[in-house]
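Got a structure for you, written out below as structure tokens; questions coming shortly.
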């Protein structure tokens, strides 16, 4: 009896369907708690900013109708274990029409499975790893440059500065960083650079002392690696504290956050592959220009836009464009519009792969390499690569730490 | 075994399993199915953990290792050798049980807090190992292609089949708990849980029983892990060996009343529903950790016997019916 | 009478302490053998050696013709050797009946559960715990717990029952009652090896007595002989009260 | 060769701090058989106390030790009355649960206030350079302070009346009560001390590495390892255990891929537990 009662109670509070006319419901999870909360917040602000802009302008135009955008989102706690449950809920219960990705490759991978199982479009700006796109999907689309191209700019730049550089590749043992560095290792070899150390560390590492000593012992003079925010920033600080004196430091993700400046002298000269910087200047065919975006974002959030917000915003812009092109919110029609898309936004050019084994991977967008430099006596990021997009000259080698 | 049919509790379990299986079918309610699937998973994990915790009195923080390894073995067989689901699940269950048996003889020499600590060590060591183990994809994990659901009639159909299998595993877990509790094996385990030295002197083969129950308690969670990660079509070490899931399973057991079959099951059900509710409610979203922590503290402070302890003391006659 | 339990030159050392040394004696079928000696004489250690809690360093222990030296406690229990503890060891959260069922289940006959319950009821009855059969062990008085120890050991249907100070801590009425219980058990044909400090009781219950001092056997014989043994008297002179009891009980 | 030596020195330096981080855990465990699962959160509280005291009040990082000591003690006494007092004498699992619950609340509040963003306290002290290897000044000072704090704790336990009461309660609570020691007060004080130690170690760790609200888990886990290596309730043992762990991490890294360090660490941990269930460095019975 008791069980039946409990079941009935469960039924009562699980079943509250939401249905509304003339709105498009978009579902996603974000990491309000847990270790990914900083990066996730940037992306989430990008999503929300886009929604507010669209709704303020009256909604997305479909034929002669206008649809307002509604978000449903849950906290995934930065843990993959809850992601599928929550995305299933978004699709089945909250009746989401479209899905956005959570932040990070580790969480995006389980979410993509749900999008395929239930046949919903998911636009991804949070997971750069390619693997989920290689199992024959139909509804996944990645707006950002995927993991294997993250460090190609850094390798090119380094080769130009010092073809005899000795590289230490030291990176977090997570899907994204491993994919990035595996590709970078190949590109470095192809470029004739010497790799003297190639190792991963556990994402939970808090003390990099022994690792830094090992890097020093390897006689490397260039460093490529990192992972997400905490480990990347800790590594940068300990490399500086222990005076590893690298001539080149490229760290993933962490230095693209403005908080990285808190590290002070340890931040100077660190480069980061970036999907987007304030200095990039593409001529958008659709949506705002970089200057407009940056200014409006600053006014709304009192924070500088970074690449997570920009890519999050772009996800919305891309979806909006596809819906308007398709003239429908039908999944297959929108997917067809996405497959055919080739536009330039303030974030860069967007075009998706359409062959079955790589469907939805980004093929047009280009990353830039940003470097922390002194700008008017304050630390700030400058775009230093590729040469045609640069806002400042590359600082090489990084000036040695002084006592 | 036939004697069990005469116990009302046997039919209570049957009723619960049928209710689980039918509830989402009635309204073709997919989101209820997903929620109940997690309930069934938690009940499976907590019930099997209860064999160690509630019966034999050993705090196992590493119970999730069984779940994760089961998941890995199953996904690996399906992915790399194109095995069908059922044999993969069975091999996962047997394999993990076998490992647990061998391992149990070593680790179960420890008692009390030392055993608990060692199990934390086990989960960390296994996770760190799998992160470095390339045949299982290291830290990137293993992805299954969408094709795997074809033999089960496509994703939509497959998810129902997986759900029914998970409910079956839950039913088996409950029957296993019940059968062991009413058996000589169970009596020996309870004696070990109360006073291991005295039990040994009374003739209970303590080492063998402990290793055996460690191994038995690994079997169904391993199968549940196989099912869960097959359904997810993706497995990575941080999800498979999540220490907090182990801790949750312990908490669930204590909330419901360790050593009872009913209490643990209801505790798991309520806990998972509550977490799901807090996680998705807009009011508590930012404070769900605070709310669950405060609730837990209140329960521990004021209802130390858990749910069943409370029910037994208020309605003593229920002891005869609800195990 | 055949020997049920035979100890040959058994020894055990803990660090610098020789707890038991070169000890040999036998327990014959059907008798009550009393084991006495001053505190620290090695009596409880000896029990622990016999039922396998410790393995002896030297010597051999044979039970019904089988060598059980160094066997694990649970194996020893299977041979039909049950014991009680000086400090009671109840399975606290189980009922009296369940405690005894454990004894019956895993004792000599390795009974299946339903038959073990019957044996447990029987043992509960013999020890006079019927009224408390459904009470939790933790709720019993000290006397009750002592009786539970006895009932639980008895439920195992042992050939040899080892009693470690079952009378200690009881008031005179309870002692009387317990003595009655021990006599009844003996009448069922169970051999008993008992440690006891209560001289009067052990002298009257035992068929024979073994006296230990500093881990060695000091004397062995019928109670009257032992009580007159000069070395025994000397050993007990350290404790005048006990010595007086020893004298009094043999008189 | 120099690299290996540098790793070993580094290991000892960081190990001393690990030892201090474990000391509070092992003290409470030894005195009252309670595994304090809020330990990690308390370490984090120390870290954030340092951050606030230095960034808001502009205090010198090392001057933060004193307020954290006092504050940690008071928080610990409160923790005792909230979640431990009713659990003493109950099955050990119960206190595990109650402290787990408090930990959830603390982490929840912390995440709501600070998020899980990384915080950094810059401490620039001249380091010591050996060839190409540098030992940062903050590391050296943190190690020295950890050793000093451990020594003070040792003196307190051995030579003060209160310290002796703590040891007496650890050895045998009932006997201590019989000879007139107010055990409840001593237990509350021990938890206060344990938490204060956690806070102090948090301060020192935060001078070495950036931290987040969730950093505590890792140090708590290391605390378990250190406890097993060093034995329960013994401050000297905890320091030795910490050094052993630091050395292990330092000395293993040059020879095996970095990602295998954790595997080796935890496999060793389980093996040590099975082989020496009372800790390697524990010489005599009776905690403390």
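Going by the order they are written in, the chains are A, B, C and D; count residues from 1 in each one.
We adopt the following convention: a residue touches a chain if its C-beta (ideal position, glycine included) is under 8 Å from a C-beta of that chain, and two chains touch if they have at least 3 such contacts.
Since we're looking at a predicted model, the values are computed, not measured.
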Exercise for review: Note down the smallest number of touching-chain steps it takes to go from chain A to chain C.
Suggested key: 2
**Study point:** Central subunit by CA centre of mass proxy
**Key:** B
Exercise for review: Measure off the straight-line distance from the CA centroid of chain A to the CA centroid of chain D, and report it in whole Å.
Suggested key: 36
Study note, to complete from the structure: Between chain B and chain C, the Cα-mean centres are separated in Å by 44
Review point. Using CA atom averages as chain centres, what separation in Å is found between chain C and chain D?
Key: 49
Point to revise | Per-residue overlap in chain A, given as positions that touch at least 2 other chains | key: 32-33, 173, 200, 202
**Study point:** Where chain B touches two or more other chains at once, by residue number
**Key:** 128, 131-132, 286, 288-289
Review point. At which residue positions does chain D touch at least two other chains?
Key: 108, 111, 257, 259, 262
Practice item. Any two chains that touch count here, so list every such pair. Key: A-B, A-D, B-C, B-D
Review point. Tell me, which parts of chain C touch chain B in their complex?
Key: 51, 53, 72-74, 77-78, 82-83, 85, 89-94, 98, 101-103, 105-107, 112-113, 116, 152, 156
Study note, to complete from the structure: chain A partner, complex, touching residues on chain D are 3, 6-7, 10-11, 14, 108, 111, 115-118, 120, 122, 126-127, 129, 132-136, 138-139, 208-210, 212, 214-215, 218-219, 249-250, 253-254, 257-259, 261-262
Review point. Inside the complex, what are the residues of chain A that reach chain B?
Key: 2-4, 6-7, 10-11, 13-15, 32-33, 74-75, 77, 79-82, 84-86, 88-89, 92-93, 106, 109-110, 113, 116-118, 129, 131-132, 134-137, 173-175, 178-179, 200, 202-203
Review point. Touching chain D in the complex: which residues of chain B?
Key: 53, 59, 106-107, 109-110, 112-114, 116-118, 120-122, 124-125, 128-129, 131-132, 247, 250-251, 254, 258, 286-294, 296-297, 300-301, 304
Exercise for review: Could you please specify the touching residues of chain B with respect to chain C in the complex?
Suggested key: 182-184, 187-188, 190-191, 194-195, 197-206
